[in-house]
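The structure's right below; bear with me while I get my questions together.
Chains: A, B, C and D, in written order; residue numbering restarts at 1 for each.
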Amino acid sequence: MAGNSFGTIFKLTTFGESHGVAIGGVIDGCPAGLTLDFDAIQHEMDRRKPGQSDIVTQRKEPDTVEFLSGIFEGQTTGTSIGFIIKNANQKSKDYSHIKDVYRPSHADYTYDQKYGVRDYRGGGRSSARETACRVVAGAIAKQLLKSVKINAFTSSVGKININKPYQDLDFSKIDANAVRCPDEAIANKMIARIKEIRKEGDTIGGTVTCVLQNVPVGLGEPVFDRLHAELGKAMLSINAVKGFEYGSGFCGVEMKGSEHNDIFNADGSTKTNLSGGIQGGISNGEDIYFRVAFKPVATIMQKQETIDVDGNTLQMQGKGRHDPCVVPRAVPIVEAMAALVLADYYLLNKITKL
Amino acid sequence: MAGNSFGTIFKLTTFGESHGVAIGGVIDGCPAGLTLDFDAIQHEMDRRKPGQSDIVTQRKEPDTVEFLSGIFEGQTTGTSIGFIIKNANQKSKDYSHIKDVYRPSHADYTYDQKYGVRDYRGGGRSSARETACRVVAGAIAKQLLKSVKINAFTSSVGKININKPYQDLDFSKIDANAVRCPDEAIANKMIARIKEIRKEGDTIGGTVTCVLQNVPVGLGEPVFDRLHAELGKAMLSINAVKGFEYGSGFCGVEMKGSEHNDIFNADGSTKTNLSGGIQGGISNGEDIYFRVAFKPVATIMQKQETIDVDGNTLQMQGKGRHDPCVVPRAVPIVEAMAALVLADYYLLNKITKL
Amino acid sequence: MAGNSFGTIFKLTTFGESHGVAIGGVIDGCPAGLTLDFDAIQHEMDRRKPGQSDIVTQRKEPDTVEFLSGIFEGQTTGTSIGFIIKNANQKSKDYSHIKDVYRPSHADYTYDQKYGVRDYRGGGRSSARETACRVVAGAIAKQLLKSVKINAFTSSVGKININKPYQDLDFSKIDANAVRCPDEAIANKMIARIKEIRKEGDTIGGTVTCVLQNVPVGLGEPVFDRLHAELGKAMLSINAVKGFEYGSGFCGVEMKGSEHNDIFNADGSTKTNLSGGIQGGISNGEDIYFRVAFKPVATIMQKQETIDVDGNTLQMQGKGRHDPCVVPRAVPIVEAMAALVLADYYLLNKITKL
Amino acid sequence: MAGNSFGTIFKLTTFGESHGVAIGGVIDGCPAGLTLDFDAIQHEMDRRKPGQSDIVTQRKEPDTVEFLSGIFEGQTTGTSIGFIIKNANQKSKDYSHIKDVYRPSHADYTYDQKYGVRDYRGGGRSSARETACRVVAGAIAKQLLKSVKINAFTSSVGKININKPYQDLDFSKIDANAVRCPDEAIANKMIARIKEIRKEGDTIGGTVTCVLQNVPVGLGEPVFDRLHAELGKAMLSINAVKGFEYGSGFCGVEMKGSEHNDIFNADGSTKTNLSGGIQGGISNGEDIYFRVAFKPVATIMQKQETIDVDGNTLQMQGKGRHDPCVVPRAVPIVEAMAALVLADYYLLNKITKL
């Protein structure tokens, strides 16, 4: 293990630096016989790619995935699925200004300390560029999970919150605006806030809420691999994530048991769902919902003090085209990681009992 | 995989139901040559065990660990360490009242749906009793990590919050009171609140904050196995946990990049630590701190409506001796899980570079 | 990983030294709902245990397995199955004569070099005693694989060979004699040879042949985890094994393709079976057969030159009661390991295609 | 798991079909700071590639590896190393003659049964083409293991045997002839035999012997992951392999313990080496040597009876350019797999003791 694989049965292994020739990955364990919808895969890629709207980075990366194996005549064959995504213009950039500099709150310092060597071009492996590979695999996982509905959306940007239960939202409106918030009025405020922040040369954090519906009962592998533990790990493995909560989450700690318990209906469904669709680490058939916290992007267009590799203090300022708020583009990544977890547990659950 | 193992190199596999003969586990990958302090291990067990104070369950379980292998003349031999903890009085209890009943917000329903069979006695495998095995392994991991300081404490009970940065607390006072909150005034309020809740036959949630100090730079395995992702999974795998945040956490989402970035000192340390000691998924030598949300225990001493396995509605009420608030006993479990993650990554990090 | 686990889904983790309190293990991933035949499990234990006949070691070890979890009212629950086997008389023996001595062709020297510390009592972890745990798990795997027939037998002792195709043997006679050779005439010669060897204070090697019948088509996970690759690893992990071949094996190398190819019948079965029931790493429904080579046991009752930990030359001679030929007791171990491999691949194969 | 990964720490995951766009893989866990010799990597590729001599297949595949990540300025960075090898002319071939036909002793039938779908072009995933990826990773592993000497050679073709202990051979002569046998006289006989066989439109098997020298003491992870067990699995996972033996191997079974035991010298080395450099599953510093059996290639240029997917009997004959004997090209694959096992265990062994 060196950290580049995710999953046990439906397993993704990725590689690639932001400015290498290509990034890519291998999906092992996808069952044979799945007819792939390649447009749907590319659609997910397009939701993540730079340059898709005026509130995200204006870098140009077409992010076209090329499948190299594991698919024959449009169908998965049960063998490993290799794919690459070429990096656009990977040679043209000048990175000499960050070669010997540790950018604050980036991974430059820790990579250097851990590995003694670092591909400094655009953040190398620590760049969020690698999440494109997650989206490819997640898009296939979604197709495996056909009946499960996976919807993530931007629930806050800075202090602007959606402040509505997800049940009152129309998920079909998520992609109707650039910030991916299904409440139009709030979305407009968020967009305005992001533009304001960008003008300041600054960045801002936010949250993504994700809702998983029609999840079969029984997914999850106690005791360590509880469904929400693996979902949490999946989300925390995304760049810039600082927190994860599901169901009642951090609010639940203030409640009493008599308020928090979800009383059953006769059919095993529950009248409330503070459990967030998971009990004892296993899905119970209710909606699974969780919230993911993203910090503000570390690269800002303002002067900051920092140090170089020799410990000299200096001033630096971000160059190039960066996201003022990572959250809109994080929405498809959150969905992809949720799909990967569910696909893995869906397969595992088929062999849990005789 | 069926969920009962944790870790890659320093790996714990556990077994056991709350009312079987014994629970236990196997620790594989502990380096040879570690002289164990058995009193220290038992001390951690005592911090978790029932009956230790008047605000926790009054069940009597001595929780003595018996090591069966992997240790010779007080030293680890590099072979797998097997251990058991006998269950006290496991035969005497009467569980007929829950045999065919699904307790609200417990794992009864989901286990039955997933496995088609269930050891209903005291929650079986879904009982938090299994966490005793985690404490055994965590206590050994702590000894491996000698210089690392791992301190968890109760930071809130219901709405009573410690409201102080951890730097202002004296960790040596954590065990000075029954609730494991190092601020005595707040601790007294928490204890009073728990007693009040118990009198109502109800339960209450809370949070545990954990601080890891003197962690070597370089721990963490990007991209999926980021240090905080594995810590998050570790915490979310503990019974009753609903959320995890580290560093600036959910508060960080409201900040701007210019506020959130941690500016370096010349020696690579940082002036602030909103990153929470981890950058790019790798420890940077600063304090790692995180917060874990525990929901109120599901078993309450009040009448609740529920259903039986045939879908009949009925009234039920908890019996026996249960925790009104799980948080004080969760403190050593949080520490144990943190130690397991660190030990695993500490070993892995030794072979990361030439 | 430190080597004490076997399998991916149906996974065994073991612990224990030959002269510790107990050996044992955890079986994770056994599906729920399997009604166990405990007598059948003990029967396999009895086939492996010391003292069962006059040609094996006369040590007294009842080898009774105690299950501690994962089984409720006689049925597996889908949770991890913990078990222990107590070591008889583990405290009484005197091992001072081997404490500082490296026995030739034992693991004393390599364990000391690798770990820097060693439980020298009876070989510690390197003793074949740990295989008792494999037999427990294998016996459960056999019950999961109900319709598959697993038969191993002694096919040679020293130069005495069975020299018949397995098809001409009556597997019901395997346990009819102490050496576990289903050909009575050959068995008698083998037994005589072993007694002769024992009288000399020497030991002798042999082979075990194993035949797996009614194996479902489709087991095996190419490319690295081919069915025969995993069977080979399983066998080579047993103490004293020096070689593994399946199907045509080492003889097959002398053949031409036109002789070696197995021609199909119309139903997909084959007219010959030099492939040994596996093609491309996947079972094809024909009988799987393989042969395992066991070296002579290293402990002999003759004087040998050896060295102590300080490099001094000395004379030593085996003490106690050891097997003059390990093969008869290895038969149930070979079967157990084969069952573990098949059970794991049987479960995996259920999720290979949609 | 679906079988396309090998190793625990130094881990290779591969993908690719013989006639897809490209094959490739990901190496995870290679330590940072290794300066790669790319010529040496390509040299190993050239030793495996088709068309290298007149006794192997005359297909034209340049087999140039392209590294996509994990390497910066010639050095490994500790991040995952992605690579691809483009397939030459992958679109031009006509495979309609095998589309609906099951070739005898190939994997056509078992893949179809297992997966329900099959990339029939050139054997798809079951083709030995995937071993090119193993050679890439193995070549890097060799560079990590700098001081270890890994030499494999052809020890038999059909009934022509080298019949000399490896100590009497000059390994520098292995690549001096097309069959990779360091004994020139025997090599000539082997070459003549292969040409004869090719003229018959037939194929022939053979063995590869491999010797690992200067292996550090201590490699191997008992009890299941013994060094020779993993070596055995590695070899058995190579196409066409039917058997594996190490040290005294199958011959050892006929010996007595008094003959077989390796007596120590004062320095811990041994006077003989029937153990094959491994005791108790752990390397002891002596030469490790093993032998691998390869069956004759299944594709022959003679008419054979076979069936189609509907069970109809028909006659078929191999087309194209195939190897009459796979052994000469298998030599670098055996070395590569040995290097992968050693590299993995070499890294693991660094964290075995304090």
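What we mean here is this: a contact is a pair of C-beta atoms (placed from the backbone, for glycine too) under 8 Å apart; a residue touches a chain by one contact, two chains touch by 3 or more.
Everything numeric in this text was worked out from a predicted model, so none of it was measured.
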Checklist entry - Across the interfaces A-B and A-C, which one involves more C-beta pairs in contact? => result A-B
Next on the checklist: So, comparing C-alpha centroids, which chain is the farthest one from chain D?
Outcome noted: B
Checklist entry - If you average the CA atoms of chain A and of chain D, how many Å lie between those two points? => result 39
Item to check | chain A and chain B: spacing of chain centres that average the CA atoms, whole Å | outcome: 26
Checklist outcome for this item: So, in whole Å, the Cα centroid of chain A is separated from that of chain C by 46
Checklist outcome for this item: Listed in rising order, chain A residues that touch 2 or more other chains are 1-5, 8-9, 14, 32-33, 78-79, 114-117, 125, 222, 348, 352-353
Checklist outcome for this item: Residue set of chain D touching chain B in the complex reads 9, 31-34, 78-79, 222, 347-348, 350-354
Next on the checklist: Touching residues of chain C toward chain D in the complex: what are they?
Outcome noted: 1-6, 8-9, 14, 102, 104-107, 109-111, 113-117, 125-126, 130, 156, 158-159, 197, 200, 202-207, 217-218, 220-226, 228-230, 232-234, 236-237, 242-250, 252-268, 270, 274-276, 279-284, 293-300, 302, 304-307, 311-313, 348-349, 352-353
Next on the checklist: Please output the residues of chain A touching chain D within their complex, sorted ascending.
Outcome noted: 1-5, 8-9, 11, 13-17, 20-26, 28-29, 32-33, 66, 68-70, 72, 75-82, 84, 114-119, 124-125
